């Protein structure tokens, strides 16, 4: 039962990335997890979005063993699995090569918190990982991608910083649900594009104050939030 | 009666921001005021635009007390109220996080009047506020956002300069009606994008002469205007 | 008879500017001329495109006197008239505030011929006028705009250089017909955007050689042209 | 028989370039070859895409002699023919003036391999040719364009580097089929746009390591590929 609805949620998260223009051809993938069973639903590798159905999604366990589905899972699956294991509270992961966010990953620079749009979603800069070392690339590459992310988060709360830029690669995002992971991916793309344009307008632009960063983040997150409708 | 039509005007102004691509998800809000009753109609907080109806808008008095509506008003309401109180002639306020204008706000630089497109709408640069001080952020933040705007306008005519960039945040725009406020927001986004590209083409670009600025502004505004059809 | 079809051609040229995304709200206008009668058909000032019909266009003589139509002509009409008088071979004029071309006008830099896309349409850089002097702005401003263009073309062939950037303002384009003028406006916008991105990729980019510029221009223009289908 | 289906494939490749926004008006062309007969199918010159049918495409032999069709072939045909002769394994060629890739061609800089999106398709930078010398421009220009490309590939494998930037002109792309050539053109445009934005975020950005470049390229190409579905 839970898997049936999760398949739909994961498909919907993948389609949201497409609708928002974050995905060229098949460059991107989203997944979700049922924490009780430890089963992950993920997009198949290299399959066009137009015709994708919930049944095409692949179900794997946390070791990556295919439990349901006849297609190969996304080749980035091992990265997703490492993230699910390291960040117990997350329920969805999204990965894109969206233009602006990928450009910052390629620039190998963290995205500074230049404004409140950023601070509404990220408590601090969007971090960038260390580049993978040759040995980390040679074997078990996709899992090692996950590991450099986790290492970068040694002192970071994944719910305060729900995305990372993998150096020379692209962003990974996450949230409580696949929908939230996709939402973060869309917002990150906007924040990244704004950050570039901020540098065009002022090459010496500085991050906003810690006070303003905190104000905006906690206006939307945690027990003191007052944005949106009461639930 | 007046409130009924104002609800529709305010909804329409909010939708215009969406149609013109200035709004991602729910990042933006527009409001309007009935000057006779001193009642403000504003978008509810964090509600999707697709399904928003006039009845979902919230009516408040100038102290922010909800007079009609069951949803929470936009969290930026206190900023709108300060603007309505300080600028008696305005009838609508719009706030977006549109990409280019927000980038200039994040750059904490005023937008120079680089050309006649700008001068047609703004008599001088688009100003940027001072950053809020820690105490201004800590409590009564949204109202203080309005206050730093008003302080920035000590020597400016809000009808000659119908928008401002809040430092590290985003633009606020206004006009005689909600429609006009939204129109200014759309034009400001275009002007901001052009200003960035102007700097790319010539990092030493200079504003146009005061003569040309005045010519274009007063071609469209005030008693000597001769643009458009006679009314 | 001729006026009837010219009205349709001019409306179509105006709509082409809109369809190609060169026009925000009412920022732009196109016109055409019947050389036999010396009658100019031009867009009315400040009227929305969505509902514009051929009958809404205004017919004026070369002194700007309205011959047909109940609406005011575009406020840029005097610029168009100066161009028709100075460049006898042209049959259409287009004016936009399209983002990239206007940015170069604001940068007050000519667009260098960085590549063959440019050379296919312009034999040399896209020139920029001198800024108007205070006296030229104060009275007869729109006609003086035309005059600074004409002065800039003292040694240029308007068919080899079918557009100009008015300093601090925006481009004017022309061609044998209104359709051609609009086509040039669309291509100029693309060329301007490419030129900016060329500078981002290489701030020291240089124009292509005179040989390559000539090759491409005359591949498409004049008696030696061999691009397209034989006519 | 083969020609009938190739006509459809070539038309489809041309239309893909249009759908993806790589083509303004008629700036671009794609072709395909039947290696058995040595016959090339190519877009006619200067004909609008909206109404183009398979029968409008032109069939020529490898000397450029028209074998079927009443329209003139694209003026870039001689470049295509040189590429088909020099690179025996390719089955399709695509040429566009897409904005970002053309900007790099105009910048006369190779596109560095800044990230894995690039490395998934190109094993190394996207190279730029030498500018053509005056004599190469004066006569046999389009064939000489092909020749400078081929010279640039003296030490490059056209399947590891399926595109080139012609200095001061624009990109040429190729693949095993017309569809693949068009696909490369679309991806190249994205890579070029990302590379520019990478430089905005970090003017000192460096290519990713050779290890990471190889990993990504061979994850998708050759006998060790493991991306996509098994075939």
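A few comments on the model shown:
A, B, C and D label the chains in the order they appear, each numbered from 1.
One rule holds for everything that comes next: a contact is a pair of C-beta atoms (placed from the backbone, for glycine too) under 8 Å apart; a residue touches a chain by one contact, two chains touch by 3 or more.
Just so it is clear, the model here is predicted, and its values are computed rather than measured.
Shared contact partners of chain B and chain C are absent.
Set against the Cα centre of chain C, the chain with the most distant centre is A.
Residues touching across the chain C-chain D interface largely differ between the two copies, under half of the numbers being common to both.
A separation of 33 Å divides the Cα centre of chain C from that of chain D. Per-chain Cα centroids separate chain A from chain C by 46 Å. Those residues of chain A in touch with two or more other chains are numbered 195, 199-200.
A complete list of chain pairs in contact reads A-B, A-D, B-C, C-D.
Across the complex, chain B is touched by residues 24-25, 27, 44-47, 71-72, 75, 97, 99-100, 102-109, 131-132, 134, 137-138, 141, 168-170, 195-196, 199-200 of chain C. For chain C in complex with chain D, the residues that touch the partner chain are 114-117, 183, 186-187, 190, 193-195, 197-202, 205-206, 208-209, 211-212, 215, 219, 226-230.
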